[in-house]
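By written order: A, B, C and D. Residues from 1 in each chain.
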Amino acid sequence: MKKLINAVDTVLSETLDGFAAAHADIVELGEERKFLRRKALKKGKVALISGGGSGHEPLHGGFVGHGMLDAACPGQVFTSPTPDQMLAAAQAVDTGGGVLFIVKNYEGDVMNFAMAAEMAGDMIGSPIATIITDDDVAVETSTYSTGRRGVAGTMIVERLVGAAAEQGQDINALQAYGKAVNARTRSMGVALTSCTVPAAGKPTFTLADNEMEMGVGIHGEPGRRRVKLASADDIAAEMMGAITGDLAPKPGQQAVLLVNGFGGTPSMELYIMCNAARKILAGQKVLVARCLVGSYVTSLEMAGCSLTLALVEDGDLALWDSPVHTAALRWKM
Amino acid sequence: MTNSVELRQKLVAAVLQVVESHAEELTSLDQAIGDGDHGINMKRGFEAVAADAASLTAKPWPEFLKAVGMTLVMKVGGASGPLFGTLFMTLGKELPLEPSQDDLVKAFRAAIVAVQGRGKAEPGQKTMLDVLIPVAEQLEGGNRDLDALAAKGHAAAEATKPIKAIRGRASFLGDRSIGHMDPGARSSALLIEAVAGVLKEVA
Amino acid sequence: MKKLINAVDTVLSETLDGFAAAHADIVELGEERKFLRRKALKKGKVALISGGGSGHEPLHGGFVGHGMLDAACPGQVFTSPTPDQMLAAAQAVDTGGGVLFIVKNYEGDVMNFAMAAEMAGDMIGSPIATIITDDDVAVETSTYSTGRRGVAGTMIVERLVGAAAEQGQDINALQAYGKAVNARTRSMGVALTSCTVPAAGKPTFTLADNEMEMGVGIHGEPGRRRVKLASADDIAAEMMGAITGDLAPKPGQQAVLLVNGFGGTPSMELYIMCNAARKILAGQKVLVARCLVGSYVTSLEMAGCSLTLALVEDGDLALWDSPVHTAALRWKM
Amino acid sequence: MTNSVELRQKLVAAVLQVVESHAEELTSLDQAIGDGDHGINMKRGFEAVAADAASLTAKPWPEFLKAVGMTLVMKVGGASGPLFGTLFMTLGKELPLEPSQDDLVKAFRAAIVAVQGRGKAEPGQKTMLDVLIPVAEQLEGGNRDLDALAAKGHAAAEATKPIKAIRGRASFLGDRSIGHMDPGARSSALLIEAVAGVLKEVA
C-alpha cells in the first residue's frame, strides 16, 4: 500500500485536522472530531447535516459552508459514522429551525442516522427529518433489496437543498424538495482500478490490465459486470444510456451534468468523458444548463469516474447559481 | 461456578480475542462481497468494549448488555454497528437481573426480532440473520448443548455461501455474491462460539 | 495503459472540447484549438498568456478567466506548445495594454515562447514581456545548467500577477511583480507512482512498491533521489526543509501554502500532508495566511504531491483575496 | 544525377522514414532521462513536413529548408522543435540557390551556431550538439565521405552516454543521466545517416 500517511490509525484524524486548518475561515472541527461544522450559523435556518464513511472527499466535509451543509459527520474510511456523531453535530448546529439529515442509501448510513434521530429525544429541541439519496442506476431495483445506492448525485441534492435552506424554506418544504431533486437525479460509475482501505492494507478488488468494473459503487463495490476496457465514448454511452433510460428526459429538457472523478483519474480524462457525455445528451436534445467536472465524490484513489444527470425544473437553476462558499464548491462569495 | 462479574470479564475477553484474531479474515470476506471493513469495524467495537471492561462488567447483566450494545452502536459504525448494537441492547432490555436459561433463549429471540426491525431483513438474504436465527431455533427446539450451538453457528455461516444476497452491500453484486460466505454471518458464528466456549468452561 | 480515452491522437483535442464546453461561461477555444481564451476581455488591461505541455491540468487552461490569465496555449502532453499558438493567442487577447508571457522554466517552453516573442513583429502591436517561473528547489542550481524547473508555484504567480493586472497595473510593473513573487516562491515534489504519456503507452519510469522519487518534476522527471517510502511527516519534513532552507523565512513571516496533488493522489492524503506541513511551519513560526489544498498542477495520473511556500509581502494578500473566476480557482464572483 | 525537386522529395521521404521507424526508440531514450516524448515530437514534425511535401519540395533549396524549419518549429514543440527548426531555417538562410559542397559545410556550421544561440548550450553537455558539432568538424576537416559521416554521427551519439547532462531535461537527473544516450543526439545521428544515404544514392 502506497499512501502519503503516517499510520493507518491516524489517517482520519490527521485528514480532519489538516482540513479544518486549511479551511478555518469556513469550518470548525467538533469535539473528539465527531463532526465538521460551519463556522457561522444562521439563526432559525434549518440545519442540514450529512455524513457517511470517509474516503469520499470532498464529500461531505468539503460541502460544509454557506449555501450547502451546516455539518458533516465523518465515519471511518468507508464505514458509516455513529449516532453519537450526528447527535453532537445536531446539538452544535441546530438553531431552532429543525435538523435535516441527508443520507446516502446504504444500510449502515440509514440505520445509524435513524438511531440518531430516535435517540435525539430531548437533546435536540427541533424536529428532525431525513432525505435518503439513491441515485445509482447501476443497481437494479427490486422490492426485496436495499435499493439503489446514494452516490455522486448526493452533492446535487446537498447543493440545491442547501441553497433553498439559505433562503429560509422550512423543514417540510426542504425535505420534499430534496426528495424531488433526488427523484430526478441519476448516476452511474465505472472503475479502472481498485482502491485500498488503509486499515485493510490491500486493494478491495483486482482488475486485470484490460478490465473495468462497469457500474461500480463508491466503495469499490462491484457493479453490473466486469468487462473489457472500452473507449471513452462507449463507456459514456453505456452509462448515459442507463441514466437517460431511467430518467426519460424529454427533448428540450434542461439538466445539470456532473462528471465526477473517483480520485485517481486526472482532469484530462474527465473532460474527455464530459465531451463524450455531452455529445450523447445533445443527440437526445437534453440541454446541459450547468456542468461540473471534477473529483467531488471519490473512492480513495480509485481510477474511474461517474456521470450524473439531474433534470432541472423551475427555480432549480436560480438556487444552483446562488452564492455558495464551501471548501470544494464556491461561487459568488 | 464463577461469580457473574468474573463471567462477564471472561466473556468480554473471549469475544475480543475471537474478533481480533479473525479481523483480517472478516475483512477479506468483506472485500470479496462488500467494502472491506467488517473486520476493522468489529475490532474497533470490541476493543472499545474491552477498554471499558472494568466499568462495564461491574454492572448487572441487563445494564452490562445494554452498555455493550450502546458501545457497539457508538464505535462500530457501518451496518454491523447498529445491528450488533441492537442485538446486545435488546438482550439487556429483555433479561432479568438473574437470568435463567429460558430467559436467555427468549431474550435472544427478542433481540433477533429487534435486529430484523432495525435492518428490515428476512432470513435467507445472506446476512447475520442466517446464523442468528438457526441458532435461536436450535435453542428453542431444546438442544442447549454448547458445542452443538457453536457448530450450528458455523454450519449456518457456511450455508450462506450459495445464497444470493438481497440485503447489505453484497446485494449490489447480484449473482456474483453467490459462492462467498457473508462476513456478518461469519462474525456472528465466531461470537457465538466464543460465548459458548466461556459458558462451557464455567458450567 | 488504462485511461478513459478514445484514441491516443485525440486526447488533447477532446480534452479541450470538453473543457471549453463545460466552462463556456468563462472561456472560448481558439481556432485550430491553438489556445483557450477568456471570453470577456478588458480593454487596455495587460494580457496575460501562459501555456506549456498538457497533462498538468488544471494548469494553465483552468486558470483562464477574471483575475488570472487571458489565454493559455496547450501543447501536446508534456510537450511545450509552438510559437504559432502564442502568436494566435496574443492576437486574440491583446487589447493594447501589452502582452505578458508567464513561462515555466523548461528549455522547450522558454525557447518556444521566445521565438513567438521574436516573430511577433508587426502582428502584435503592443509590447511583449516575459516572466520565467523557476520555483522547484529539488533541482540544485548551477551556473552551467538550465536552472530550476517551474512547477506548482507558477499558479501563485499567475494568480497574483493576474489580480494585479485586473487592477490596471502596467506591463513593466507586472513583470517586475511577477519576478518578485517567483523569487519568494519555492516548491518541491514527491512521486509514489509514475505516469503514462498516452502516446508513449507505457509508464515514464517505474518505482518499486516501497520506493518513492523525492524531488520529482511534473513530468515524472526524476528528482534528487529514489528512496524508500517514508511517512507523511518525514516526507513533508524533507520537502519543507529544502524549501525553507532556501527561502529562509523569518519568524512571524506570512506565507501562502499550496499542497498540490499530482493527479492520482486523493484528497485525504493531501490534507494529511497539509497537516504535516503546517506543523513544521508552525515550529518555524511561519504564519500560513492562506492555504490551498488540491490537484492544481498535475502530472497526468501520477500519485504524489508537492508543497509550495510563497512568502507574502504587503499587498499580496489583498491581491490574493480579490475576485477570481476561472474553472479551477474561483471566489468572490 | 536526380533533379533537385526529386532530390528534395527523396530527402523528405528518407527523413520521415527514419524518424517513424525509430520513434519508439527515441521515446524510450527520452523516458530514461527526459519526459518520454522525443520520438512522438519528431514524428509529429516530420509527418507535417511530409504532408506538405508537394508544395515544400517545389521551392528552391533556401526556401525549402526555411519552410521545413518553420514547419518543425510550428509542429514539434518541446526543446527539439525550436532547435531542429532553427537548424533547418538557418541552413535555408545561409545556402545559395545552387549550393556547392563548400556552401553546405559552411551553412551547416552557421546553423549549428544558431542552434547554440537558441539553446544556450555548449558541446559536452549531452545534447544534439554533441552529434552535430563532431560531424561538422569532420566535414570541415575535409573528410566528405558519406558513410564516414553517418558513422561519425552514430559514434558521437554513442559517446553521449558517459556524459553527465548539463542542459535539457536530462540535467535534472544529475549523475543519474550518466550511462544513457541523449535522445536528441540519437535523432540527430539518424537524420544525418538518412540524409547521407540519399546523397550517396544520387551521387
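In this section, contacts are C-beta pairs under 8 Å (C-beta built on N, C-alpha and C of every residue); 3 or more make two chains touch, one makes a residue touch a chain.
Note that the coordinates shown come from a computational prediction; the quantities given were computed from them, not determined experimentally.
Think of each touching pair as a link: the shortest run of links from subunit A to subunit D has 2 of them. Centre-to-centre, using mean CA coordinates, subunit B is 74 Å away from subunit D. If you average the Cα atoms of subunit B and of subunit C, the two centres end up 54 Å apart. Between the CA-based centres of subunit A and subunit B the separation comes to 31 Å, rounded to the whole angstrom.
Work out the mean CA point of subunit A and of subunit C, and you get 29 Å between them.
Contact with two or more other chains is made by no residue of subunit B. In terms of which chains touch, the assembly is arranged as an unbranched chain of neighbours. Here the chains touching each other pair up as A-B, A-C, C-D.
Within the complex, the subunit C residues that touch subunit A are 2-7, 11, 14-19, 21-23, 54-55, 57-58, 62, 190, 192-193, 209, 212, 229, 231-233, 235, 259, 263-276, 278, 288, 291-293, 295, 298, 300-301, 303-305, 325, 330-333. Per the touch definition, subunit B reaches subunit A in the complex via residues 27, 31, 34-37, 40-41, 44, 73-83, 85, 118-119, 125, 166-169, 171-174, 176.
Interface residues of subunit C, counted against subunit D in their complex, comprise 53, 75-84, 106-108, 111-112, 114-115, 138-140, 142, 144-146, 149, 197, 199-200, 202, 204-205, 217, 219-223.
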